[in-house]
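Quick one: this structure, given as structure tokens, is what I'll be asking you about.
Chain lettering (A, B and C) follows the sequence in which the chains are written, and residue indices restart at 1 in each chain.
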Amino acid sequence: MFLRDYWYAAAWSEDLKDQPIAYTLLNEPVVVYRRGDGRPAALEDRCAHRRAPLSKGRVVGENLVCGYHGVAYDCKGTGVHVPGQAQVPPGLRVRGYPTVERHGCIWLWMGDQEKADESKIPDLHWADSPGWGAKGRLHMRAHYQLLNDNLCDLSHLGYVHASNVGNTALAEHGQVETQTEGNVVRTSRWTLDRPAPNTYVGAGGFKKNIDRWQISEFLPPSFFLLNFGATEAGPGRAGPTHPDRFAFQVCQWSTPETEGSTHWFWAIAHDFGQNRDLSMALPFYETMYKVVQEDFSIIEAQQRTIDRDPNAPITKIEADNGVMEARRVGVRLLNEEGRGRDSAARKLARH
Amino acid sequence: MFLRDYWYAAAWSEDLKDQPIAYTLLNEPVVVYRRGDGRPAALEDRCAHRRAPLSKGRVVGENLVCGYHGVAYDCKGTGVHVPGQAQVPPGLRVRGYPTVERHGCIWLWMGDQEKADESKIPDLHWADSPGWGAKGRLHMRAHYQLLNDNLCDLSHLGYVHASNVGNTALAEHGQVETQTEGNVVRTSRWTLDRPAPNTYVGAGGFKKNIDRWQISEFLPPSFFLLNFGATEAGPGRAGPTHPDRFAFQVCQWSTPETEGSTHWFWAIAHDFGQNRDLSMALPFYETMYKVVQEDFSIIEAQQRTIDRDPNAPITKIEADNGVMEARRVGVRLLNEEGRGRDSAARKLARH
Amino acid sequence: MFLRDYWYAAAWSEDLKDQPIAYTLLNEPVVVYRRGDGRPAALEDRCAHRRAPLSKGRVVGENLVCGYHGVAYDCKGTGVHVPGQAQVPPGLRVRGYPTVERHGCIWLWMGDQEKADESKIPDLHWADSPGWGAKGRLHMRAHYQLLNDNLCDLSHLGYVHASNVGNTALAEHGQVETQTEGNVVRTSRWTLDRPAPNTYVGAGGFKKNIDRWQISEFLPPSFFLLNFGATEAGPGRAGPTHPDRFAFQVCQWSTPETEGSTHWFWAIAHDFGQNRDLSMALPFYETMYKVVQEDFSIIEAQQRTIDRDPNAPITKIEADNGVMEARRVGVRLLNEEGRGRDSAARKLARH
């Protein structure tokens, strides 16, 4: 069960060229393609004639033409031509998905089409700004909720990323606060006057103890704005605006493929402050690829263990507060969507 | 559910040498082998002793000897020796399949043994004639019915094979007729005075419009005789006997492995007419390997899409007429086989 | 369903170094590791916090620390530290397995912890004696019972190992006796005054007929002591103590991974007698690797055939006597374990 009335990312803009691409999004087979004029579109990836995947077809002008017997569909999914027939059979159509290209990403609306509202696309303006230094996409064999959990509890940096961006000080001495505003859950973790982990020594140049922040902002269903940084110990919680900060912005967002797999997108920009040497940027970004891979590896391993015995109990610890709060918001929104559908069904039933 | 009282191909003759080969045919494990004198035989591939596969055994004279504990079976599947025992335990037997080698192929009768009748082996005399130019075997992860469908509706050449033997004229301007005689369904498609596709330009040497025929003859459960060809526009439906025709004969037949996979055999011969340069035969046959691979690819993709949602609806179009007629014949024969079995069972029950 | 109140091998000692290793044993995920002082320990491989596998963690002194959020466990599975928390939440624990290193192997007790008794570890003193010449471990996709069956009926040497240690004389002319003492089933097979198989000619140097013995001693659930050997024909059943014997000792033991897969351990030592040239020992041991591989191959093939139709009937032959007797003992012990658990449950229910 997934939240549906949201925009979900299907592809980086530059990966969608002139060939249609098949994705599974929220358990549904989807073909994403560019029309003749370059505008993106997305349809159910299953011809209504004999169920060949439309992703094996070809774009002809405005239409996508099935690669098996030539049935053509417009960008809404309406069948517009059947070879050798004067008329298209009534009802020949596949599902179309509202599709928008923004911030270097192709976004699909997976829910009720009337509710598609472009203003709800997450603000990811950093991702196509010149300052962005690294980005990527992974296909992860794990439920997207496990990635959300990972990003709500950043104490894991002390263990998963112990060789680079983390050390145990984060988990042992972090001061953590969780705030919810509407659907946004912000978890802030402050670690004051503690030693710097390797990456902060190397890329940040810290030789003494640091004041460090990790601020994770979660927007359902799966979008995260993460702000990380540090100053030499002293400014405390004023670090994020301190001119000598070492800081960077990470965005992570994901699209469920199935209950057991996820399309995971991420991008990162530096915000290193004014007085810093930028020659360390490239090795820093290389570290970020490794960090993402470390998360990928532990989350897939966690999913495999869950799959072995989905009912094995879990024990809550204090670090889970942000995770629990974000899960509560998700469950509330799922219930609201469910009530909305029930209500729409009742309304239809009265007519 | 498969038609059983038919001959099914298991192997090309030249592929069955002195080692037994394991196949799954109609969901059953079968070992096919040559006896000491070279005659083929086929048994259930599961020793009646402790269920090791007999395909790991050895041929000793007339018998197949299990490779685990040495139990020996004759070519009917009767246990004839148990090592260290004077007598074979009663009931020690495995199923035997009537087996015939003909037309360069090993054929197995998969149904009631008393009904095995060699005269029902499809006439495939072309396949071991000198004129045959290319043949092959594929293992396809799709139900064999999807291959039947493919071969009953040759409009797909305009899309699946658009770069070689097909163009959209076939689908947009074909004149199609379907005739059923007994169990044979013949679908004829005529495309008159239309441009030639690439292969007909290259191998057939056509520079102007052509009159083209595609005649597909289906013999249940899965045997197809396909006659293809063209003349320069003019003779119309007299093309197949015109001396300046460019024509060829394709045979395709398949054996279900499981509900989701198929052994697919094909062979092709030219019938290029008397006045033609035969130097194009080899590149023409090379094209045929590509054509088969294109069908293979779209059919496997179609099966994957069907498997995702087996109940997704389909919409009939006019090109489906031959497909529907062949499916009707198949369903009728399945019902007849079922009634035959019920009747035999009732007869037994009365005794 | 497996026998649980037994010691099962998880690893050869030399394979367990300073990194934890994940195994599945009797369907349970287990992490095996060495504590700081080198002593082995084993826990359920699933953190009680959020179910990451502990095998991705790190050993810190006496404890295993989860690699995701840093929860630490002692060697009994009791949670002893949660980062950033003064107190460990009550009930934070995973299952611990009594673990012993003996005879070069790491043994885990998979049943009720109170019943763990080191004296029940099979006597495998040969396995870490200098005389041992070869040993190995295989991961086999088959139920461990099929390996037990293989080792209870050594007539299979005449077919599975026909090119090396076996010939048909073993199966056709063996004199076989099966004796059960308590839970131990001993199957002896004598083949007197018959030709020697290849390995006995090559490594044993026999040029004439031999008197040969194969003595298989089965200790549930899955431990085998196998004594093999021969003399030149003459001494008959006095061969095992004859000074000119060619003989060797094989141990085989296995641990079920799942119902369909098995961890298989084996070791072999020579007992070639006093007057023999030992230069053939190395090629002889090389043959033994091949012999194990031949068993592996036929057993996996047998399992695949069983999986296709688990209810296909089997037919008993005389060579199965030892197999049947060992299976009877196994079933009796399973029933006894089941009654023990029921009785313990009733006792608990009365309180």
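Miscellaneous remarks
Everything below uses one rule, namely that a contact is a pair of C-beta atoms (placed from the backbone, for glycine too) under 8 Å apart; a residue touches a chain by one contact, two chains touch by 3 or more.
Predicted model only: the values in this text are computed from it and were never measured.
Shared numbers divided by all numbers used gives the overlap of an interface; between chain A and chain C this overlap falls below half, so the copies present different residues.
Remark: rotation between chain A and chain B after Cα superposition is 120° (nearest 5).
A straight line joining the Cα centres of chain A and chain C is 48 Å long.
Of all residues in chain B, none touches 2 or more other chains.
For chain A in complex with chain B, the touching residues are 29, 45-46, 48-53, 56, 65-71, 79, 82-85, 89, 91-92. Of all the residues in chain C, the ones that touch chain B in their complex are 149, 153, 155-156, 158-160, 168, 171-174, 297-298, 301-302, 304-306, 308-309, 312-320.
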